[in-house]
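For reference, chains read A, B, C and D in written order, and residue numbers begin at 1 within each chain.
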Amino acid sequence: MQQIASSSSAAREGGLKSVLQRFPFVPALIILVALVALNGFFEPRSLSFGSITGLVSTYLALMLLAVAQTYVVYAGDIDLSVGAIVSLVNVVIIVLMEKWGGGGLTVLAACLVGVLTGIACGVVNGIMIAGLRLQAIVATFATSIFFTGLALYVLPVAGTPAPEAYWLTYGGTYFGIPFVFYVVAAVALVLGILARMRLSTQLLAVGDDAMAAFQSGLPVTLIRIKGYVLCGLFSALAALCVTGDTASGDPLVGGKMTLYSVAAVVLGGSALSGGAGTVTGSVIGALIIGLINSLVFFVGTPSEWQNLVQGLAILIALMAGVLVSRGARA
Amino acid sequence: MSELLIRGARKAYGATLALRRGDLHLLPGEVHVLIGSNGSGKSTLCKIVAGSVKPDAGEVLLDGKPVTIAGPQAARALGIGIFYQELSLAARRTVAENIYLPALPVKSGVFVDRATLEEKARRVIADFADVAGEGFSADTPVETLRADQRQLVEIMKALATEAPVLIFDEPTSALDRAQVDRFFEILRRLKGEGRAIIFISHRMDEIFAIGDRVTVIRDGETVATSRIAETDQATIIHQMVGEREELATPSVAPAVHATSRATVLSVQDFSGPGFRNVGFEVAKGEILGFGGLHGQGQSSVMRAIFGALPHQAGSITLNGKAHAMRSPREAIAAGCAYVSGDRRRDGILQGRPLLENLTPIHFLRNRLMLARPSRLRERALKPLQALKTKFQALEQPINSLSGGNQQKIVIARWLIDRPDVLLLDDPTKGIDLAAKTDLFALIRELAAEGMGIVLYSSEDAELLNNADRILVFNSGSVTRELTGADRTRYNLYHAAYEAA
Amino acid sequence: MSTETAVSTIKAPSRAIEFLKRPLVVALILIVVLLALGEALSPGFASPMQILRLLIVASVMGIVAAGQNLVILGGREGIDLSVGGIVSLAAIVAGNVMNGADGGILPALLACIAVGALFGLFNGLGITLLRIPPLVMTLGMLGVLQGLLVVIRNGLPSGRAAPALSSFVTQPFLLGLPGIIWLWIAIGLFMAFLLKRTVFGYRIYAIGSNEQAAYMAGVPVKTIRVGLFMLSGMFAALAGFCLLGYSGSSFSNVGEQYMLPSIIAVVLGGTPLAGGKGDYTGTMAGAVLLVVLQSILTTIHIDESGRQMVFGATLLVLMLFYGRGRAMRG
Amino acid sequence: KDLKVGLSNGWVGSEWRTQMIDEAKAAAEAWKDKGVNVEVVVQSANVDVPGQIAHVRNFMSQGVDAIIINPNSPTAFDPIFKQAKQQGILVIATDAEVSSKDATYVGIDQKAWGAAGAKWLAETLGGKGNVVAINGVAGHPANEMRVAGYKEVFADYPDIKLVNEVNANWDQAQGQQAMQNLLATYPDINGVWVQDGMAAGAWKSIIDAKKQDSIAASGEIRKDFIDIWKADKLNSGASVNPPGVMASALNVAVLMLQGKELKEPATAGQYGNAMYLPIPFIDNKNLDEAAQALDGKPGYYSYTSQLSIEDAEKLFK
């Protein structure tokens, strides 16, 4: 009797747990929904279609950057240079678009070079950390200084405008749907494909226990380098979005985004120690950061308190994210 | 059909020469036992063959052709599969993913083929389905499994390689009897298929049950290879220990009864995670054995007494005083000691000098604030000598010792200041025969000095030979107490296997 | 063909080589090389006065790094990103308490140490009781501290350093060395004593190398870890206090420049981020090395982009010397 | 009609910014006496460019009448300002110029600011000597404009030799360290061009090296520096970037919202949308006046000036 009762309750608990195990971003999603509701309560117009579009186009870059960060976090690594990569790619494409005249085809070519730049940065990071076995936190901090220097070299002063063709497209509306939503859909598709790829599982296995993965015969170094390459790639895509939203070059534009990308990954329920997480969660985490910032304003926080309230809210959300996702695994 | 020849394999870690001259000739269709005391270089030799350790010298010939084994991947490609003593599992991946981690089935070149994966995994699991225990399926994350179940996953992972050469480095150390039996059945089948199998174990009965030939390795050097049928236990042990003649016959201490009847530890109505209504008393000078199948609550009870697991009900009385035992600190202060068989997790301070590994209990029990290395060194040496630990200096990092010697360090830390109660939770896991003998002699001595000792061992012989009294655990409860002449293998098995 | 046919005798690595591979020695050699290089590039760079001034700057960095070092040694991915915020906060608190009066020095010191300890305590409690990863907890705390700085500055006059404190930091005090260098030496001795001769020190290494085993051996894991974060906060606060003496008045964001460099100093000093290994002597050399490198770059006449690229690349090269992890295939 | 004005500040790392917001709030209060209700809503936080774009979007969601922004980028706001204008929102940038045609810049000319300090330095040195420059954040537009300003001036003085330029990121301690390194490597420098925020630090190093009698260097407009300046009789001069710029911008914005038209349309500057405010200059001649103006203020308080409502009204038809 007793045994039956206890086992059925265990099954129920297991049900909740397995939901959290399959979808570790559920808690983040709940926070997100709550934040949307609160934003709407304090400023109904923030839920208008235009405002939502604005929110998405502003934070699309951070979402992509959080995704970028997630792939290295999968393998138990971290990349503190993502912001610098965003800056570098931003100035590279801006300078190229200006140099090449800013026509449709040259814009695409510049974007391609930008993406390759991001990938190259990822390769550098990957070789430094996986190949030469430097510690990720300090090595990527060093590469971030290097990439920033490079960005300053490419474009010493913020300001060169992007061709109208570029940012009007990014901000435009096609068939009644804003361009950014097409981007979101495309990104979702790509992420779905990546999640089913062997590389995702391999990255997670490496993050779980690198030695075990190596001894099992996985090419650990190569896998980690691929993680950094994915990170560089998505950082470059984030830079394309930043450029679309800001329509100009700025060698420092990404600097502050690095730590936010780490925060977004944690908010999304991924473990910084590696081996567990989802990119969906990170995307949600990025939106949470954006919504916290606007909510703090909409509730009418006095200006001198805004930073503190935002800081506290993010700290609490981070703690909640960690606690809940651990509850899912414990 | 593969024939493997290893000649003159050599590996040094800094000043430690792990393998001096490893030779091994492995034939298709045999189970080749590799035996040697702790730290003799067995795992090192295996890892060289598996590609995860780079040898300093030596050659490997596969079917007569010299081969270069550049890494684990290369080894797999050459048809070598391995079970690692320390396991090679990704805890948060599922059983199926772990089994096929090195070669995940893919479709369209890049996507994981989940359906094929699950199906293939189910087929491998099916071999062990009835002995694997509850909660073991293809999509269970490995982190939720028990130690024996994890070992089964590692076995399946090795089997799934379908490699002609298979290496098993202590695959049975956490398995219960039924699991071992099943594993051996499979080994015999593979042997029949012509696979070449290396098998390592410290359990003599297993060696004689499954082996065809045996190679003995001593101090990093291969000393002899013989057919199992043409050798015996005494000869093997003689080859293992070299000149230490007196150890050739395993010393089996007769059951001594408690010298004094004074109760030192009393546990009543004890319930917690994995055990229910357990009650017993340990007298001064007594060695109380915990028996039964693997994972029936023996370990949990000990950990709960030690404060490392919470208990829900019951009382613990030590030297006449009741204790809540909310943490190991409290238990240690009360005079309790606990030695875990899982030294990597619970025991050693990885990378730290022996001295630091030896002193934490001493600090706590003497409420010290300052550490004076010269004084500490003096204190630490005595128990190390008593355990015949092999080491060069107290400043060397603990990972420069072999597994067995690491375990001796962990035990020695408890002996600087004598505890009143010693809880031994499978303390000899991975310890060689000679060391075991030393250890049990010492335990008997400690008991004679008035300590109360609780011993759990996954090896029945160890229990029967050393415990004065045995409580048999089944499904978290004590189902039988064996004393005096009742302490027979038959009674032990009978109690262990009967339905709770 | 064989795995490795050469029948080699194992070379016991010679003592000299072992010695030269020690992080402390490498750092010291590099410091000398850099000073010589600096002197060659711009005469006067390695003059005794200038070296003294570099040491003053290095000592502030070194004091922050002392706390960082302890937290990192304690393992479990120990890291303290909030030190930057604590340095700033402490400088403001100290400046306001002493407000230019020598008599206020002691109360100011006590006040800012208390502030450092308090935030260290918050960090420590979040990390141990709620088991938030240190990177996440201290990152969140950094956000809170930055917000707090804004609030505090709105309500407080900015303080000034007492003359005695200023001269303690910048003027010769004993044997021609400023007081702060003596303070740093004292901290070096204190750290050596703490780590090598106290039970607390032994326990730091114990929890850093295997927390679970330490717990089973009766080490009060949580208490120690909370203590480490409190010490880190206190060292950061002490550095903020000294920085006030260095710059004369407190101003916002003084501490920002110490956050990641303090970690770099620890790593250059031979303490791996994994913890459980390393000591403070190396970190001291690491701090000097970092400061010498930075100031060499200030004195050579190149563009900022060039400076950053050289700085980033040099850090990477330095890490390659001895910041590398172990190979998977031993 | 009641007016709602959004103030956006994307960096909170200095007291100057705090004062800027406070003065703008005070200016809004002052309109009450004129019978105009001006409600200000403020977003002031350390954000990156995308974060500040979000500020603007939040203001748009709230339906403000005007946005006054101290922008983190000159060009990045072009698209969002365009949207704001389409919604009928008046956009005014202050402190740093923006390229958007949909916005007006009300503030000082940063290039002239840099030039004023350089001119003072060059003249103080009698047109000759070795000079070093300590700049803010490399790549930041305000910094680069100031740099362009001093470069242009120094080019006119062939005997002034600019021996090195370094960046100390508008951080006082970094400015102090940079100065210390520069003093060690260039023992014979005569002049230092340094921006506010770092000047106090640079001066500290100069004083520690006991070179205050042989070096002329630019100074700061914060009260605690001006006190030292006065007490130690430093050879210094400071162009004033008054924190009151945002208040000035607010006054202009309110008048514009009331439908008034500028006498001279804002067409100055490289983007042709600027309306420059005068740049006061403090040197030893008027130091006492400046000190008097700051009397009784806290140490971090900056010397300030702004367009009063009356001054602003004079600019309109």
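Methods note: a residue touches a chain if its C-beta (ideal position, glycine included) is under 8 Å from a C-beta of that chain, and two chains touch if they have at least 3 such contacts.
Treat the numbers as computed from the prediction; the structure is a model and nothing was measured.
Relative to subunit D, the chain whose mean Cα position lies farthest away is B.
Looking at B-C and A-C side by side, the one with more C-beta contacts is A-C. For the pair subunit B and subunit C, the distance between C-alpha centroids works out to 42 Å. If you average the Cα atoms of subunit A and of subunit C, the two centres end up 30 Å apart. The distance from the centre of subunit C to the centre of subunit D, each centre being the mean of the chain's C-alpha atoms, comes to 34 Å. Separating the centre of subunit B from that of subunit D, both taken as means of CA atoms, is a distance of 71 Å.
Contact of a single residue of subunit A with at least two other chains is seen at positions 151-152, 156, 211, 214, 304, 306-307, 310.
The residues of subunit D that reach two or more other chains are 12, 18, 44, 46, 138-139, listed in rising order.
Within subunit C, the positions touching two or more other chains are listed as 146, 150, 154, 304-305, 307, 328-329.
Across the whole structure, chains are in contact as follows: A-B, A-C, A-D, B-C, C-D. Within the complex formed with subunit A, the residues of subunit B that make contact are 50, 52, 71-73, 75-76, 82, 84, 87-93, 97, 101-104, 106, 110-112, 141, 143, 157.
Per the touch definition, subunit A reaches subunit C in the complex via residues 78, 80, 128, 132-135, 137-139, 141-153, 156, 210-211, 214, 220-221, 259, 262-263, 266, 271-273, 304-312, 314-315, 318-319, 322-323, 326. Within the complex formed with subunit B, the residues of subunit C that make contact are 1-8, 10, 12-13, 196-203, 205-206, 209-210, 212-220, 276-277, 328-330. Every residue of subunit C that touches subunit D in the complex is listed here, in rising order: 42-45, 47, 49-50, 53, 57, 146, 150, 153-154, 157-160, 170-171, 243, 246-249, 251-254, 256-257, 294-295, 298-299, 301, 304-305, 307. Those residues of subunit A that touch subunit D in the complex are listed here as 43, 45-46, 48, 51, 54-55, 58-59, 61-62, 151-152, 155-161, 167, 170-171, 242, 245-257, 290, 293-294, 297-298, 300, 302-304, 306-307, 310.
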